[in-house]
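Here is the structure we will look at.
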Amino acid sequence: MLDSHAYGKLEITGSSKNSIEEAVQTAIKKAAEKVKNLRWFEVIETRGYIENNAVSYWQVTVKIGYNLED
Amino acid sequence: MLDSHAYGKLEITGSSKNSIEEAVQTAIKKAAEKVKNLRWFEVIETRGYIENNAVSYWQVTVKIGYNLED
Amino acid sequence: MLDSHAYGKLEITGSSKNSIEEAVQTAIKKAAEKVKNLRWFEVIETRGYIENNAVSYWQVTVKIGYNLED
Amino acid sequence: MLDSHAYGKLEITGSSKNSIEEAVQTAIKKAAEKVKNLRWFEVIETRGYIENNAVSYWQVTVKIGYNLED
Amino acid sequence: MLDSHAYGKLEITGSSKNSIEEAVQTAIKKAAEKVKNLRWFEVIETRGYIENNAVSYWQVTVKIGYNLED
Amino acid sequence: MLDSHAYGKLEITGSSKNSIEEAVQTAIKKAAEKVKNLRWFEVIETRGYIENNAVSYWQVTVKIGYNLED
Amino acid sequence: MLDSHAYGKLEITGSSKNSIEEAVQTAIKKAAEKVKNLRWFEVIETRGYIENNAVSYWQVTVKIGYNLED
Amino acid sequence: MLDSHAYGKLEITGSSKNSIEEAVQTAIKKAAEKVKNLRWFEVIETRGYIENNAVSYWQVTVKIGYNLED
Amino acid sequence: MLDSHAYGKLEITGSSKNSIEEAVQTAIKKAAEKVKNLRWFEVIETRGYIENNAVSYWQVTVKIGYNLED
Amino acid sequence: MLDSHAYGKLEITGSSKNSIEEAVQTAIKKAAEKVKNLRWFEVIETRGYIENNAVSYWQVTVKIGYNLED
Amino acid sequence: MLDSHAYGKLEITGSSKNSIEEAVQTAIKKAAEKVKNLRWFEVIETRGYIENNAVSYWQVTVKIGYNLED
Amino acid sequence: MLDSHAYGKLEITGSSKNSIEEAVQTAIKKAAEKVKNLRWFEVIETRGYIENNAVSYWQVTVKIGYNLED
């Protein structure tokens, strides 16, 4: 019942060689292996590593909310 | 032994149609289904949804500390 | 005269199925329907919704500055 | 269409002699006189005035999101 | 005279078994035993202790402003 | 009635060639062209532009609270 | 001895009809009536009241450090 | 493959009678009982309890990143 | 009675030639000369002075909570 | 030797007409003209300019860490 | 070309016996001895020293942006 | 002359296998190879790497202030 639903939150860092968006998708895919019913995310931090004076990969940390009722 | 005790922290969003306090209680009850020995909480964020120009339910996110020794 | 110009600021959340950049563009387009002379923006928050373990759409909140003189 | 929806955000301070929740409801009611389609809120700041060593009224500032499409 | 009035600020944590509002009232009552002419408060932090998977008491930290002229 | 009064908040950036205080006054004057019953402000950000190694003008962003009842 | 000196900190809000600097000076003068050996300050918040669409007075909150040894 | 690796993050509070560093080590040791492949940490908060006017123990909260691939 | 206990908070900067921990202990010892029943602390800021390219002393600011009932 | 390595940090704002990622790459390329051995970055701020109701270019500020030993 | 311009950022603390504005001008003048093409600044922190219960000088920390292309 | 002195600020991350304090000392020593007249520092961030479930080294980021007049 909606009166007392609740959401858990996971913090996960995903990475990608290509873009911030892809790093977020990586984080979500990994989260889905641990918990079910993922609902939303918030970007907490955007970082990355540099090789040869270019971004070698993006590292984006997200908090992911998931439904605890299901 | 107290010299090296430790606490885990869960972040959970609880909701309630009635009050901020009830939304926190919802979050704690849900946390108790996942881990034991809950000790304290801190309110991180207070939000809510609006229907017909009134709060339809409160959503309060708390960090909950629990004892890792037990 | 430049001595006493001023800018208003709007806070708007735009969304997109595809990218953070497109969600910002959506927010700017909507702002343009409300006020004129938009000048700059700052990203305040990047969030999104998840369906089937993937981002269903991006939600980016921006503060948009617009010239009050015109 | 969902692909490009957007939300405006209003910041409003509501007050109440009785509780934080009632102060939020006041803010929402006042927002509804200015814009339509209110959807959600976030509490930004909780303050209040003191008379005779007791809270004389609560002042709660909320950001209120409303749908720009309607 | 208003030209140069000033306010001191006290930081106090009050608690209550029942509600956030009551914990604030406790903090204000205690502050009143230390200084006179309390004027306003701001909530800094909302925490609490948990016993038997429920809030045993709320702990709310407030900054309280008081008039230094009187 | 005081039990349920409310304040709107505007965010405006004012500028001045001379001082931070004058930039705030500019912002308030511009706000007064948009809404009535301005009551208080808070400084959010102080920035400025540089020409010939000196401040060419100050840019101060304020949040301005105004009474919604009148 | 320098090895173990300590500083107390007071938080005080000073006001002035004229400028931010004068409001800080007001706060310091009031602090000097309460404690001795004031050493430094940090500006925490700059606010003010508005009357007739102009600043009626500035309110600046400072943390003031004072030497506890003397 | 590095293109899409991800890290989980745990938040744990460790304590020690002796030092901040030892409290961090306690937190890491406890985290290692829950998850494998710990990689890095960030200190979030340093607190402690006082008995007889001295620190009785240090409480340091860390976020710990661990590899989700292994 | 626990239902309405309260804690005051002092902000004090302690220093030490040797370590962060010792600077905190200095702050607590000084606080104990001003108020009784110290209970806990939180580290707010860690700074220091440099002489001859080395730390000459550490300056750590703590908020110290003390029981107002006793 | 690893025991005492150190990193410098540069703060640089890069821009791009096309994307946030490209603006970061611009910042890194410019940093590489000033210092060697760039290792990682963190995004500090994402802003941009608006022309004709669309983003004319993205401005992303990054802190870039580089190895001081080489 | 505008597509890929970049700005460096310097953090400098300037001081003045007279005002916050003059302390900022001092910081900018000193920055101009180190780098060329200064463009804008943001005030990061306003502090000061106290002697004889009055401000002896203001210390204002600014981040200064300068054009890297020239 | 004191009326217009100024300080530059460097941000440096130092590391150590042993302690937070030693990591700060490493950062200061490295800073001294780049600029003269170091005066003070503030700790910005404390992180570290983990190997075999223990801290392999501490990484502490400091802002270091140095005198620009000398």
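First chain written, first letter: the chains are A, B, C, D, E, F, G, H, I, J, K and L, and each begins at residue 1.
Keep this in mind: a residue touches a chain if its C-beta (ideal position, glycine included) is under 8 Å from a C-beta of that chain, and two chains touch if they have at least 3 such contacts.
Keep in mind that this is a model prediction, so the values were computed, not measured.
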Q | Smallest count of steps, each to a touching chain, taking chain I to chain L | A | 1
Q | Chains touching both chain D and chain H, listed by label | A | B
Q: Compute the distance, rounded to whole Å, between the mean C-alpha positions of chain G and chain L.
A: 30
Q. How many Å are there between the centre of chain J and the centre of chain L, using C-alpha atoms for each centre?
A. 21
Q: Provide the C-alpha centroid distance between chain D and chain J, rounded to the nearest whole angstrom.
A: 38
Q) At which residue positions does chain H touch at least two other chains? A) 11, 20, 29
Q) Which two-chain combinations touch? A) A-B, A-C, A-H, A-J, B-D, B-E, B-H, C-D, C-F, C-J, D-E, D-F, E-G, E-I, F-G, F-K, G-I, G-K, H-I, H-L, I-L, J-K, J-L, K-L
Q.
Under the definition above, what is the set of chain G residues touching chain K in their complex?
A. 20-21, 24-25, 28-29, 32, 38-43, 64
Q.
Could you list, by residue number, the parts of chain L that touch chain K in their complex?
A. 2-9, 11, 63, 65, 68
**Q.** Parts of chain H lying in touch with chain B, wherever the complex brings them together
**A.** 10-17, 26-27, 29-30, 33-34, 57, 61
Q) What part of chain B is in contact with chain D in the complex they form? A) 19-20, 45-50, 53-55, 58
